[in-house]
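Structures for review follow.
Each of the next two complexes has chain A plus one more chain, namely chain B in the first and chain C in the second.
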Partner chain A sequence: MNAPASKGTPRPGAADDGSIKHRVRTYLLDNFLMGGAAEDIQDDTSFIDSQILDSTGFLELISFLEETFGFHVEDAEMVPENLDSLRRVEAFVQGKRAAP
Partner chain B sequence: MLLHEFLEQTIRKRPEAVALICGERRWRYAEIGALVERLAAAMQRRGVQHGERVAIYAENGVETVVGIYAALRCGAVFMPINPLTKKDKLAYLVDDARPVCMLASASLLRVVQEALPANGPLRTCIVSGGAAPAVGAGGPAPEAAVPGTEFVRFETALAEGGTALPVPTIDQDLASILYTSGSTGEPKGVMLTHLNMVTAMQSVRSYLELQDEDMILCALPLAFGYGLYQILMGFACGACVVLERSFAFPVQVLERMQRLHVTVFPGVPSMFAALLGLETLPQYDLASLRLITNAAAALPERQIQELRRLFPQARLFSMYGLTECKRVSYLPPEELERRPQSVGRGMPNQEVWLADAAGRCLPPGSTGELVIRGSHVMRGYWRKPEETAERLKPGPLPGEMVLHTGDIFRMDEEGYLYFVARKDDIIKSQGEKVSPREVENVLCSLDGVQEAAAVGVPDALLGEAVKAILVLKPGYAYTAREIVKHCLAKMESFMAPKYVEFVRDLPRTNTGKIDKKGLR
Partner chain C sequence: MLTQNVFDLDGAKECERIGDWLRQALRRDLHRHGIVVALSGGVDSSVCAALAARALGVGKVLALLLPERDSSPHSTRLGRLVAEQLGIEWILQDITPALEAIGCYSRRDEAIRAVLPDYAADWKSKIAIRGGLEGRINHFVLVVETPAGAVREQRLGPREYLQIVAATSYKQRLRKAIEYFHADRLHYAVLGTPNRLEYDQGFFVKNGDGAADLKPIAHLYKTQVYALARFLGLPEEICAAQPTTDTYSMTQGQDEFYFGLPYADMDLALWGHDHGLPAAELGRALGMEPQQAELVYRDIERKRGTTAYLHASPRLAAPDLGG
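Here is the complex of A and B:
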């Protein structure tokens, strides 16, 4: 089955942006969802509401983002607004990369 | 007095005081009382009777709190289930305790639907938090889910109105069944009467000196005794409980502690480790914090010192307990300096001593199994007479039973206790008991696993981490990550192995048992 198309906001131009969500979705499917399918994680699915990640899971997600995208997640950035859905993670990663 | 009568007393005394804060919403005591009454009426209309079980399989939230008290109001026995619980274990728990009613978070409905048998014991499932879509949105509509079970939304049940009928209940009746890991691998339901829980609650309240103006921040799951008692004690005092969904975002919790002038913060070592790991921690103004409590696992000495340095105004209590009697001991903050490694002395209204292998009482200065006598000691394990007989043994008075904890302690001359070891091989990860057998059963359910062993290894964040050691059948190969993922799908995350090792053979003792000492 195909991965669901992103809904809502217009698709950003850079192909790279699509790959942020793709990489995080793949990471979650590989590590946290046994037998889960890509459609279980929609762009706006809250990881916490849908029981995909718990406290320890978020710590692992943060380590994954730091290693994969090569930046440091500050204390103040560890909030659901940055981390609790694919779309939020994507926006957060883009923002971190754009920062000087 | 019954457990829920403490809430009713507070509602009469302080109806306008804020009882609960979840997110941006707050409820006064009178409002909580009205919700409890209406949910209890809805449960009674669906036939919930005295002594029947009501499962609470839900995230921390107002619905969970109301569900607990509504069950008690019906004379029923509430049975909290950790929301991290997966399908197979949920099916086991439902089959074991045979609840007639369940309160479940909407986000957990899919697991509920997969776990429940058709035409099983569960007549009603009350679904809370409808706004959150379940994993795999677009799954079956609640009403189409399981034959023989009615699914009704929490709000719908409340909207039916009405008040609950009085149900004759006495303090010898069961109030709760709390599940804990057993060394056999099957979770054991700890049966607690109203008297058991009220006794524990009153002793803990008295030594912590909780007050009605306290603001208690609880980020512990209510399915965990330590979290549950924050609500029970807070509501008995007329205090306000700030209930967090989880501790997944420590910075957010800190901000709320600062903004709401939180006075009491109960935690476990993994939470304190996460807090102390934040570079920005000293920037928060937490001067209102007057009480920090630690339980479930020992706090490392370094963390004790850090907490005392950062929060010099707060009294820090190190405590020890077990689900079978809730709490045993606490170390008065004044003693921290002198005996940082001690979990303290017995709390009020109970007697504790150490016993040798033959059950004989040992003098102070000895090392032995901790034995507990008091009205807080459980009635036994639900439908497990053999396991009950191992723990509950005749006490000094005729007909009395005392609790043999299975925990080995040393007691100094002044009666202070120091934890030494467990008699069995239970692992303590993130403050929760993990049965190696339960982990091994899940590991062995994976195709190609010939043999498996699970042991606890020291871990800075978790206290102990689970390590899995596997022997694979010829022709099979797995990565460590695949093993962890298999476990995460089948069990609560704190039970899943952090480390995986593949070996050709497991070491054996002379009697042919797996030699776990050599595997750590």
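Here is the complex of A and C:
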């Protein structure tokens, strides 16, 4: 088990954890849930099952991720396992950023 | 075992049933006394024209041939062949100048150049679907062919994809405007010619080929449309033709553009899905693994969801008005 981070020293990636989900949630609220509330998109809400995104919506999300976080999403990465909830998107973005 | 036998139908009875419905709908619901149908040279519109001519008589059906720059040269020839075999009046109008004037080609090419800056006017192009049948998010790629025959492929982002589709949709929408011009001047109704696959899976342009007063074959699987074409004695070239979109300058099968599977397999998949057939049984019929068949089912559902907008009538702020 890792030792707890000392007070005042941010855990590596902690700020990113919050901001990835926050930025993606804000993007979805602004562009797909006009007038929706943050509670409408829980961390594990499926964008497909809840009909927040259709296939064109996913293309727009992918463009947003590429422009915002500065990487290219490969064809093979365009799977629900990477993109179909805030938590999955967060893990995907972190993995892309950590990749050499 | 699921086989093509599920699509067996009595051609004579089906033509009679559709004919009765057509006459009644014209007389009772629409109060129009004839039919305008655009002939694409494909099997669906040919069958629709033949059904209308049988139901109403050849003097009550006007066929329109509306090619443009990217149409196959065969489209007009086949459309004319069908109209002449049926003995119905036909009008040919090349819509290229109108499409040029409205910006169809220039807007499309502008979007293509955003992803392929060296794209030139003499290159051919099309778009193709990828992903859904491999469990990935459905997306589109642009395929171009240079005059030297080199083929390149590039994934499309949403902006470029949407603009290319929006620009090419001018074709279907302009055709529909011309169909309604003739329908209005003759006091006729306009036929829409989607088959069940196209209607169910949203393979049409809203207010383009999706707009019509009557859709006589929207309940028929493509396999059944081919069977009716043979029953109606349409030309062999029509009965044997593979479905294409005839919208892009490169030849584009409907399966590569949208459905992902050849029509005969898509028919079986749609039938299996709607009759609650387990994916494993569909897989056996199509020679694929159950997991793959499950992806086909999921793709059918996704396309229904994505294209619900195409079927949606205008929403009213005061719903008690109806509509």
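Note that the second predicted complex is superposed on the first by the 87 of 100 C-alpha atoms of A that agree within 3 Å, B and C clash if a C-alpha of one lies under 4 Å from a C-alpha of the other, contacts with A are read in each partner's own complex, and residues count from 1 in each chain.
Criterion: a contact is a pair of C-beta atoms (placed from the backbone, for glycine too) under 8 Å apart; a residue touches a chain by one contact, two chains touch by 3 or more.
All figures in this text were calculated on a predicted structure; none of them were measured in a lab.
Student: Quick check on the chain A-based superposition: chain B and chain C, clash or fit?
Tutor: clash
Student: Among the partners chain B and chain C, which is in contact with a greater number of residues of chain A?
Tutor: B
Student: Between chain B (first) and chain C (second), which does A:S50 come into contact with in this model arrangement: first, second, both, or neither?
Tutor: Touch partner of A:S50: chain B, not chain C.
Student: Considering only the touch criterion stated at the top, classify A:S63 as touching first (chain B), second (chain C), both, or neither.
Tutor: Only chain C is touched by A:S63; chain B is not.
Student: If you stack the two complexes on chain A, which partner ends up touching A:N31: first (chain B), second (chain C), both, or neither?
Tutor: first
Student: Could you point to the stretch of chain B, among 97-105, 115-123, 169-177 or 403-411, that collides with chain C in the superposition?
Tutor: Once both complexes are placed on chain A, chain B clashes with chain C in 403-411.
Student: For chain A, give the residues common to its interface with chain B and its interface with chain C.
Tutor: Residues 48, 51, 54-56, 58-59, 75-76, 78-80, 83 of chain A touch both chain B and chain C.
Student: Quick one: in the complex, what on chain A touches chain C?
Tutor: 48, 51, 54-56, 58-60, 62-63, 75-76, 78-80, 83
Student: Which chain B residues qualify as touching chain A in the complex?
Tutor: Counting only chain B, the residues touching chain A are 83-84, 107-108, 111, 132-137, 245-252, 274, 278-280, 430, 481, 484-486, 488-490, 493-494.
Student: So in the complex, which bits of chain C are touching chain A?
Tutor: 130-132, 135-139, 155, 157-159, 161-162, 302, 305-306
Student: Under the touch definition given earlier, write down the residues of chain A that touch chain B in their complex.
Tutor: 30-37, 39-40, 42, 45-46, 48-59, 75-76, 78-80, 83
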